[in-house]
Amino acid sequence: MTIWAATDWYAFFFLLFALLACGFAAAVLFTSNIVRMAFYLTLSLGATAGLFFLAGAEFVGVMQLMIYVGGTLVLLVFGVMLTARAPFLSLRPRSGEWIVSLIAGGTLLFLLIASAFGVRNWRTASDSGPLPLAEAQTATAVGAGLTGVRVDRLNRDAAGHALSQLPHTDSGYLLPFVIVSVHLLVVLVGAAYLARAKVRRRSATESTASVEG
Amino acid sequence: MVADATLVDRLRHRFGDHIVSAELETIDPWVEVAPEGLVDICRYLRDEPGLQYDMLNCISGVDYLHTDPKKAAQAAWQPHLVVVYHLSSTITRQRLVLKVTTSRWRQDVAGELPEVPSVSGVWRGADWHEREVYDLMGVRFTGHPDLRRILCPEDWIGHPLRKDYQPPEYYHGIRDH
Amino acid sequence: MCGLLAQITVSHYLVVGAVLFVTGVLCMATKRNALGVLMGIELLLNGANVNFVAFGSKLLRADALGLDGQLIPLFVIVLAAAEAAVALAIALNFYNNHTTVDVDKAEELKG
Amino acid sequence: MVRERFPDQVRYASCVEHVIESAAVAEFLVHTLSLPAPLAYLLAALIHCGFILGLVAAGAVVFIWAERKVSGRIQDRLGPTRTGGKFGWLQSPADGIKVLAKEDLIPRAADRLLFRAAPYVSFSSSFTAYLALPFADGWVAFDTNVAVFFILAVLGLEVFGVILAGYASGSKWSLFGAMREAAQVVSYEVPLGICVVIPVLLTGTMNLTTIANMQAGWCSNWLIFHDPFTFAVFWIYATCALASVNRAPFDLAEAESELVAGFMTEYSGMRWSLFFMAEYSSMLLVSCLAVILFFGGWHGPIPVFDWLGWAYPGGASSWQLTGFLANLAGCVNFITKAVIGVTVMLWIRWTLPRLRIDQVMTMCLKYCVPLAAICFIGALWWQVAGWWSPNHWLPLRPDGPGGMRETWVVAPEAACGEVARRLPWADSAPPHGAARRTLPGCGLAGPPAGWRTGSPAAARGGVQ
Amino acid sequence: MSIINDPRVVEFNIRTDEMLINMGPQHPSTHGVLRLVLRTDGEVVLGAAPHIGYLHRCAEKIGENLAPRQWVPYTDRMDYLASMNMNLGWALVVEKLLQLEVPEKGRHLRVLVAELNRIASHLVAMGTYGLDLGSFTPFLYAFREREKILDLFEQVCGARLTYSYIVPGGVTGDLPQGWLQNCAQFLQELEPVVDDYHALLTSNAIFIKRTAGVGVLPGEMAVNYGCTGPVLRGSGIDQDLRRDGEPWYTSLYDGYQFAVIVQKEGHYPQDHDYPAVPAEAVLGDCWHRFYVRMLEVVQSMDIVRQALDKYAAAAGDCGTPIKLNHKLPPGEAYLETEAPKGQMGFYLVTDGSAIPWRVRARSSCFANVSVTSELCRGCLLADVPAIVGSLDIVLGEIDR
């Protein structure tokens, strides 16, 4: 029974998702087959979504699953299939590049990890302890934040009634939200332009070519 | 226009010697034409108002050869091949039979397929029929766009509907029963 | 569990973020396939997102960044999707013109 | 509750709850059976998973049998009659055994790793989506407030398995299936998303339990009857959902008369049956989602248990036999509605010919998207204008003054007022109650977390 | 209009690779062992090359070694869905060579079974066409009714598929007791079911979307390729050998009232209760070919009714089959009959012995399927089964 008492599920799940995310990220790096890379990337991104859930960012986690894993990767696999012909399926990096990149990457990784543990404040939980679960349920707050109301900045009494009003100047993330919306519209139009219609050109050979059996 | 004396006269008048003979007193009257004039005659039959044989129903090959030497000696004909064209018209609803006679082998050299001009330029339906006759009867249709075997495998040897055809004993290692 | 993992803190998340980030950078550096480079970018952005979420999580620290830590990753994700679409379009165009997706061959900027 | 009793375990308790809302079961295990808390949580999680896996597997088995019987009846046949005696009820298990015994073939041209992985990707994603699906008030494995979004996202991953399978098979037919699937995904996901957002918009929450509970009472309270636009949007949802689960007339990825079997061409034995089970469980899933979003979830056409006073009152935190029975009946009610939905899918499959890929894309992008968008605006307008809706016709709940719809908003008044104040039409003061009804979601978490679920979260008071 | 010829459809600026795929000979919707080699660009089929011969059984060569009566079972196996019509074609050409007339009663009996088999064949065509388009149910609905026809045939000749019933000179046996009533009852049962078929397929919106305007075969091209039967009439060419054939064949139908079913541009035949031509449909498309068959089912039902009365009224016997050693006068005869799938022709050359010198079968499906490559050029992959299915081919007849 002691082993059960010592088990910390939070740490367990964190480790699980962290290892999955890092492991599959490494798999993306070391695979040269492009389709498998896409597959590993999905798993890595999915595991990261799990980390987001653990950190209490449910909405971001689901967004990650929906847009990143679902949308982007379907798009990517689409691209892979369109361009996947045997010679390009596995383009291998040159070995010299490998060494240089590994040295640089290793150094970067060391620095980042050192700094991650360097700040004492990050390394330890604050004395007041983490907030309870309910605070993590943030979908509505995120939505309100995007529409310009930072409900999380309201001071509230015990019953949840706001003690003060937000300053008029605080528009939350309304502006970035609008900018991103316009940006997406532009991307949409741009994509439509890239794949725009062209007048069909048909060579005579095409129309008369017969199929070889 | 029915395949009658008037038609034959018309054809003779226009194509002269290309009309070899005509048999009108039989169940299905037929006109025999020379291979050289076949395509022109067919085009005429298809396009000429009043004839308008716009549909090629069938092309058949008939091999006249007695494999039994006794019967061959009694036969009234020398061994030959006949290619029979059955035409009809969806407009006049008339039917016509054309025949082309050719030797069994080109210049009687065994293995050299006899040649008949292709009418696939006149009726596109002739394409497959000619391929079938080529495949099974061994007639080379000159001017055919894609003369390949159609029913037998591409690497089949021989033309099965010929009277002297011997089925192979083995095909890709498979023994014939 | 061992002492280092006795309590999962922001630092642990930062390590994951760092690993993802570095992997992404290496992917971008070493892959010759244009789509592989694109995947490297995705990993890199993802590593950054982990950091944001960790800093913003009130489960890990009381004095956390709060909602900003979630809103910024949202923008990153959305923009990454848009970026992926554009990059894919570029890759496909490149493939159209050069019949290859090897970025090392993309010396000329003209299509 | 957990927090008070196990102050040192609160951290992981709250976080494990995020992964698996096992608190209620875990609490029982800890208190009554005196198990150590971590073990209790593990057991609770396994019980939840077991229930869901059982439901998915049993669902697939039952639906495969039902498909045969329904198709048989539709086609003037009997369907299976012998296996297992009456009605051939053992047919699906018999098929399962047969499939298990089959040789597992992997083509030489296949990418072996991806070929093996693909069925699991499909199956596990359609299984995972069930985690966030409530079956009755509080009967949910993972009570998240982004449940709608979660289910859509995870269901979308099923497609990834299909695409992988098609690519990895090394067969041209499979590749065609995969490409069709990819093309289909990008066309149906957009209208499906818009359709699902409309009930979310009306209820102001993405928590499926709350959405269902807001439709308590008579069937007139169901969201499909909220206004003409929600009524219309249900049919768009049904169309897109049919497309999302690859059922006829949208079964293009596996179109047997065109692509042999599409992405499943090279699969045999167990791997093939995993795809099969994924398909059937997603059918049930989208049907369940439709029931919650449009047909009141576990709240029946007639509020029998509200009359009896058995249903858990709001904020209840302790286990009650009557409440349990009400939930059980609600669960049966819920599954019955979902099964009716699945049966309609079977019926459609055996009636209609298949569409062509360009027609599917045209339909989804050219017709469904604009229609859904119009319905979105229409439903929004209906709500904002506060026009009459059948939802107002009958009291929502006989026991509460004004019904639950009026009382559920516990959001901070100030924040609510803040949003309302900044809206363009803020000056023309909305009618009494309309502000709340139109903008119910501006509270932090809508209803208190764990609202009426009896979970510890409720005890902690949710919002603060 | 096919996709690549459609000016509204534009080319996208994405480089794609052509793919060569083999559809068949083992494929669910090539109606047997037809093999189509498709050159595709994505979903668009740039070219289709049909390959046949996988079911070649040397029937013609075998015919040179058998008496005409012995060859009857080989005709069964040509269009095995319409064996009666195959039998009839062969019997008639032998009789034409022999100038052998069949008694009045036998004539009506032949019309009766041939038209019944036409119904059966068209039902299969309809059912499998639904299957090709992804709708399974019409297939079983069609087979349920066809089953009743097979039961009737079983009562007549003991066989359910390969009848060998109509033989040169007559038939193998007269109808059994009570058969006429059974047949009349079947017609009564079939009548309302036809409406179901129209509801399930002909007027179904998705069915129309999938077939209307797809695989358009202009009348001229149909004639040029030698297409016949419903394929030809669906393209608006008014030819039905039961009315337009040789007297030796049309005399069979003397005294019968029937109107040839032919589709016309913009003409909506409204003299029946069946669905009107949808606006999207183009003359000669898959929908029209399908519709011709559906209307011919009704037409054949009417002919069968007439035949039932005429047969009952006729006196005498049904003809005497020729003997195996019946000498065939030297000569040749060619006769085409209107089989369900098109004009089935037999060519018989004799040299005076009891064994034919040469037997040739002109297959309607052979000509009909040769047009596939023309129709499939530029269509979508999903249209290929729709087009091949609308041609209603039977490989037994094509490969012989």
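So that you can tell them apart, the chains are marked A, B, C, D and E in the order they are listed, and the count of residues begins at 1 in each.
In this section, a contact is a pair of C-beta atoms (placed from the backbone, for glycine too) under 8 Å apart; a residue touches a chain by one contact, two chains touch by 3 or more.
No experiment lies behind these values; they were computed from the predicted model shown.
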Quiz item: How many hops, at fewest, get you from chain D to chain E via touching chains?
Solution: 1
Quiz item: Across the interfaces A-D and A-C, which one involves more C-beta pairs in contact?
Solution: A-C
Exercise. By CA centroids, point me to the most central chain in this structure.
Key: D
Quiz item: Measuring centre to centre with C-alpha atoms, which chain is farthest from chain C?
Solution: B
Self-check item: Where chain C and chain D are represented by their mean Cα positions, the distance between them in whole Å
Solution: 31
Quiz item: For chain A and chain B, what's the span in angstrom between their mean Cα positions?
Solution: 73
Exercise. Could you tell me the distance, in whole angstrom, between the mean C-alpha positions of chain A and chain C?
Key: 7
Quiz item: Could you state the distance in Å from the CA-based centre of chain B to that of chain D?
Solution: 70
Quiz item: Which chain D residues touch at least two other chains?
Solution: 11, 14-15, 179
Self-check item: Residues of chain E engaged with two or more neighbouring chains
Solution: 13-14
Exercise. Two or more other chains in contact with one residue: find those residues in chain B.
Key: none
Practice problem: Provide the residue numbers of chain E that touch chain B in the complex, in ascending order. | Solution: 52-53, 56, 58, 60-61, 96-97, 99, 221, 223-227, 232, 237-239, 244, 246, 331-334, 336, 343, 345, 347, 349, 357-358, 360, 362, 366-367, 370, 399-400
Quiz prompt | Sites on chain A touched by chain D in the complex | solution = 1, 4-11, 13, 33, 35-36, 39, 42, 46, 53-54, 56, 58-59, 62-63, 65-66, 69-71, 73-75, 77-78, 81, 129-130, 132-134, 136-141, 143-144, 147-149, 151-152, 154, 156, 158, 160-166
Quiz item: Okay, in this complex, where on chain C does chain A touch?
Solution: 1, 5-27, 29-33, 35-36, 38-40, 42-43, 46, 49-50, 53-54, 56-63, 66-67, 69-71, 73-75, 77-82, 84-86, 88-89, 91-93, 95, 100-102
Quiz item: Which positions of chain D touch chain A when the two form their complex?
Solution: 3, 10-12, 14-19, 35-39, 41-42, 111, 113-114, 117, 144-146, 149-150, 152-154, 156-157, 159-160, 163-164, 167-168, 175, 178-179, 182, 185-186, 189, 204-206, 410-415, 418-419, 422, 441-446, 448-450, 457, 460-464
Quiz item: Within the complex, which stretch of chain A touches chain C?
Solution: 6-8, 10-12, 14-15, 18, 21-22, 25-26, 28-29, 34, 37-38, 41, 44-45, 48, 51-52, 54-57, 59-60, 63-64, 67-68, 71-72, 75-76, 78-80, 82-83, 87-88, 91-93, 97-98, 101-102, 104-105, 108-109, 112-113, 115-117, 119, 121-126, 128-131, 133, 135-136, 138, 141-142, 145-146, 150, 152, 173, 176, 180, 183-184, 187, 190-191, 194-195
